[in-house]
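We call the chains A, B, C and D, going by the order they appear; numbering starts again at 1 in every chain.
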Amino acid sequence: MIDKIVSSLDAAVAGIHDGATVMIGGFGTAGMPNHLIDALIAQGARDLTIVNNNAGNGETGLAALLKAKRVKKIICSFPRQADSQVFDALYQAGEIELELVPQGNLAARIQAAGAGLGAIFTPTGYGTLLAEGKETRRIGERNYVLEYPIRADFALIKAHRGDRWGNLVYRKAARNFGPIMATAAACTIAQVDELAELGDLDPEGVITPGIFVQRVVATATAAC
Amino acid sequence: MNRLNRNEMAARVARDIPEGAYVNLGIGLPTKVANYLPADRDIFLHSENGLLGMGPAPAPGQEDPELINAGKEPVTLLRGGCFFHHGDSFAMMRGGHLDICVLGAFQVSAMGDLANWHTGAPDAIPAVGGAMDLAIGAKQVFVMMELLTKTGQSKLVEHCTYPLTGIGCVNRLYTDVAVIDITRDGLLVRERVDGLSFADLQALVPVPLVDAGA
Amino acid sequence: MIDKIVSSLDAAVAGIHDGATVMIGGFGTAGMPNHLIDALIAQGARDLTIVNNNAGNGETGLAALLKAKRVKKIICSFPRQADSQVFDALYQAGEIELELVPQGNLAARIQAAGAGLGAIFTPTGYGTLLAEGKETRRIGERNYVLEYPIRADFALIKAHRGDRWGNLVYRKAARNFGPIMATAAACTIAQVDELAELGDLDPEGVITPGIFVQRVVATATAAC
Amino acid sequence: MNRLNRNEMAARVARDIPEGAYVNLGIGLPTKVANYLPADRDIFLHSENGLLGMGPAPAPGQEDPELINAGKEPVTLLRGGCFFHHGDSFAMMRGGHLDICVLGAFQVSAMGDLANWHTGAPDAIPAVGGAMDLAIGAKQVFVMMELLTKTGQSKLVEHCTYPLTGIGCVNRLYTDVAVIDITRDGLLVRERVDGLSFADLQALVPVPLVDAGA
């Protein structure tokens, strides 16, 4: 019997190694896997490359991981926010590397990794600073920039319900990057609000098929 | 001269959004446009974080931290709305499925270039979000901005001096004093506020305008 | 009020012009929009380019469209089947053009069109007859073929339920190409088993958001 | 020599599929492997037309024309299975998410090239389906075939003469007389049927084999 459900947050983040590339779901605070991030801070991995839309809000979650000096580089679209003070300070001190990617290219590059494409020509960013030095091509009537996949060793995502085969459903706008990051990581770890019995999730409504998920942990029941 | 305030600008943009349009309203000023869309018409608001059929802000106490818009503010979903992931959301933009997006700007050039993401200051922390995808994705890109900076410089320029968001992507400019179409035939002034002559308007901007008012 | 529901199959296929590129959903007979195809035959458009996984089965549906000599070219992955006699005869007589595309590249090219990509580097088909004459590139450890989007003027798809905003859900393996074709056509026309009231489809479970659908017709109630 | 029949070949392949594997069984001979997978183990069958957790054929009378496999035969879905569209289905293949795919073949070369879609006959109507995606997508590609053609030619060849499906993609070959791994170190013979010596086997094929049996 295959059971991807792990019983603790510690077990969920086991094996994340120093230097790993880790995708973290969430857009702002919606869909941010805060329990997994806290477990990752406790676990101690460092020199991480983080892929997230933002660069942390306030002092918790991703911001706390940054504050603990575990992050070498962040790949994101929108680091600067009213409450991104932790990132801002590290960036201005030269203590964190930033790769700024337009949000749609971030999504498309993650999808390209998940789908096994070698590269994509995307129109977003053509002629801007963020395409400087990149290969471009005119195809038909438009200009495109060649962008490469973004893959990860691990993805930490938040879903609403999950079963022992790793099937996931999300809740409202917390879905955001979860389903695509799950496809692009060698090991996807999902924190879920609730566990579901196998077969309880409607097969027509499963958003992330279990093939993309390696570990599931319930936040309601799991002790760290 | 009856310069429009920001609410009046939003109301003016709203008047040009037809029933049935799929629309993305950028964060900041463009978000106000939603307040002036007629509630009895089906206009489909898209939010980059995976919503279509986005509704107004919830009643106080009804906020759901997992139901937010691109500006991270609590919103609602209309009956008939739906959720999807970021890949699908940006495919809607980049694939040309949105009819209209409304964006703010630092500068717009006479060729329709848009600068709205970065001041270019060397110590600024850059952040782009979905601006570049929206700029090149929608069938029509509307920009809302005051025509002049606080120091009286035109934000409609020959060439943008701020870093670009997109090239030749702006179709129409809604300002506090005029509505201007950006076309292959030049900058067509469609409307001016009362008390502002075409010559007065032309004197404010460094690029040639065409009087195309009704 | 926006109502994308049209009351007849004739109205559903109105405006499909001679020479149009038309995507048709379905894999084998599952998800084949046979009512729409019959209406298209009655409507009379000719010189069509058809995009479908197959090239018709038996004598009905797509095979009947082919038999009526309305199709100039077909883009598909798997034309030859035990019951593809209509296509086989046309092909051997030189009366139909065939562009053979590996099934995954067919899907990826349709998705690229829907997502606004200019081209994609895909590993599928590298080094084979189906990549002859195409641009290739080594990226990392693998070799890729450059493939371009496939767009259509119209997509004819079958869904299970649809509402007046064009939101669709599918049924089992009849989903197949429907959701991706809907994204790649200027005008997507869906035949549905049942109409749904606005709001009756679970917003978490809508598979094709209405933005991708222009017309919906119910096969239970629609008279041709 | 105890040559395996096609059912025995399928049973032999099934023995090498571990619990938890995500597996695609190609149409034709590989489909038979499903009959030999142990029902008490979770092995996840993928079908290119948008199924994961595919179950066995339904009882007579229970067929659903909208629940079919890649070969267009009626199937069932297990509890915990799910449906998805063709884009996602082929992303699973091309993205390397399947552990194993099992394919039939006309020929396999010593370098692991696969030919299984087209005889190359000038009047043949070609059809490729998902073969090229499967060939290059799965983490391990198993090929099942009789070692010799009906006229006694080896289908394991130095270079394929039929048009290729994929280059260097086959990892393991299950034949009616031997199991052979295709590696950088050569063609490693893992198993031979009773009554077939290594020398006998080598005499059947035109490429050098390595005796790696236990």
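For the reader, a short list of remarks on this structure follows.
Everything below uses one rule, namely that a contact is a pair of C-beta atoms (placed from the backbone, for glycine too) under 8 Å apart; a residue touches a chain by one contact, two chains touch by 3 or more.
Bear in mind the structure is a predicted one, so any value in this text is a computation, not a measurement.
Chains touching both subunit B and subunit C: A.
Two chain pairs, A-D and C-D, are compared here, and C-D has more C-beta pairs in contact (counted per touch definition above). Put simply, the C-alpha centre of subunit A and that of subunit D have 34 angstrom between them.
The geometric centre of subunit A is 29 Å away from that of subunit B, both derived from CA atoms.
If you average the CA atoms of subunit A and of subunit C, the two centres end up 33 Å from each other.
Taken residue by residue, subunit D touches two or more other chains at 77, 83-84, 87, 90, 93-94, 137, whereas all remaining positions touch fewer.
Residue positions 108, 111, 115-117, 122-123, 170-172, 204, 207 of subunit A each touch two or more of the other chains. The touching residues of subunit D, when paired with subunit C in their complex, are 47-51, 64-68, 72, 77, 83-87, 89-90, 93-94, 118, 123-133, 136-137, 163-167.
Partner subunit A is touched in their complex by these residues of subunit D: 19-20, 22, 41-42, 44, 46, 52-53, 77, 79-84, 87-88, 90-98, 137. The residues of subunit C lying in touch with subunit A in their complex are 108, 112, 115-123, 137, 139-140, 142, 144, 148, 169-172, 202, 204-205, 207. Those residues of subunit A whose C-beta lies close enough to touch subunit D in the complex are 1-2, 111, 113-117, 163-165, 167, 183, 198-199, 201, 203-204, 206, 209-212. In the complex of the two chains, the subunit A residues touching subunit B come out as 27-31, 53, 77-81, 84, 87-88, 91-92, 100-105, 107-108, 110-111, 122-130, 143, 170-180, 207.
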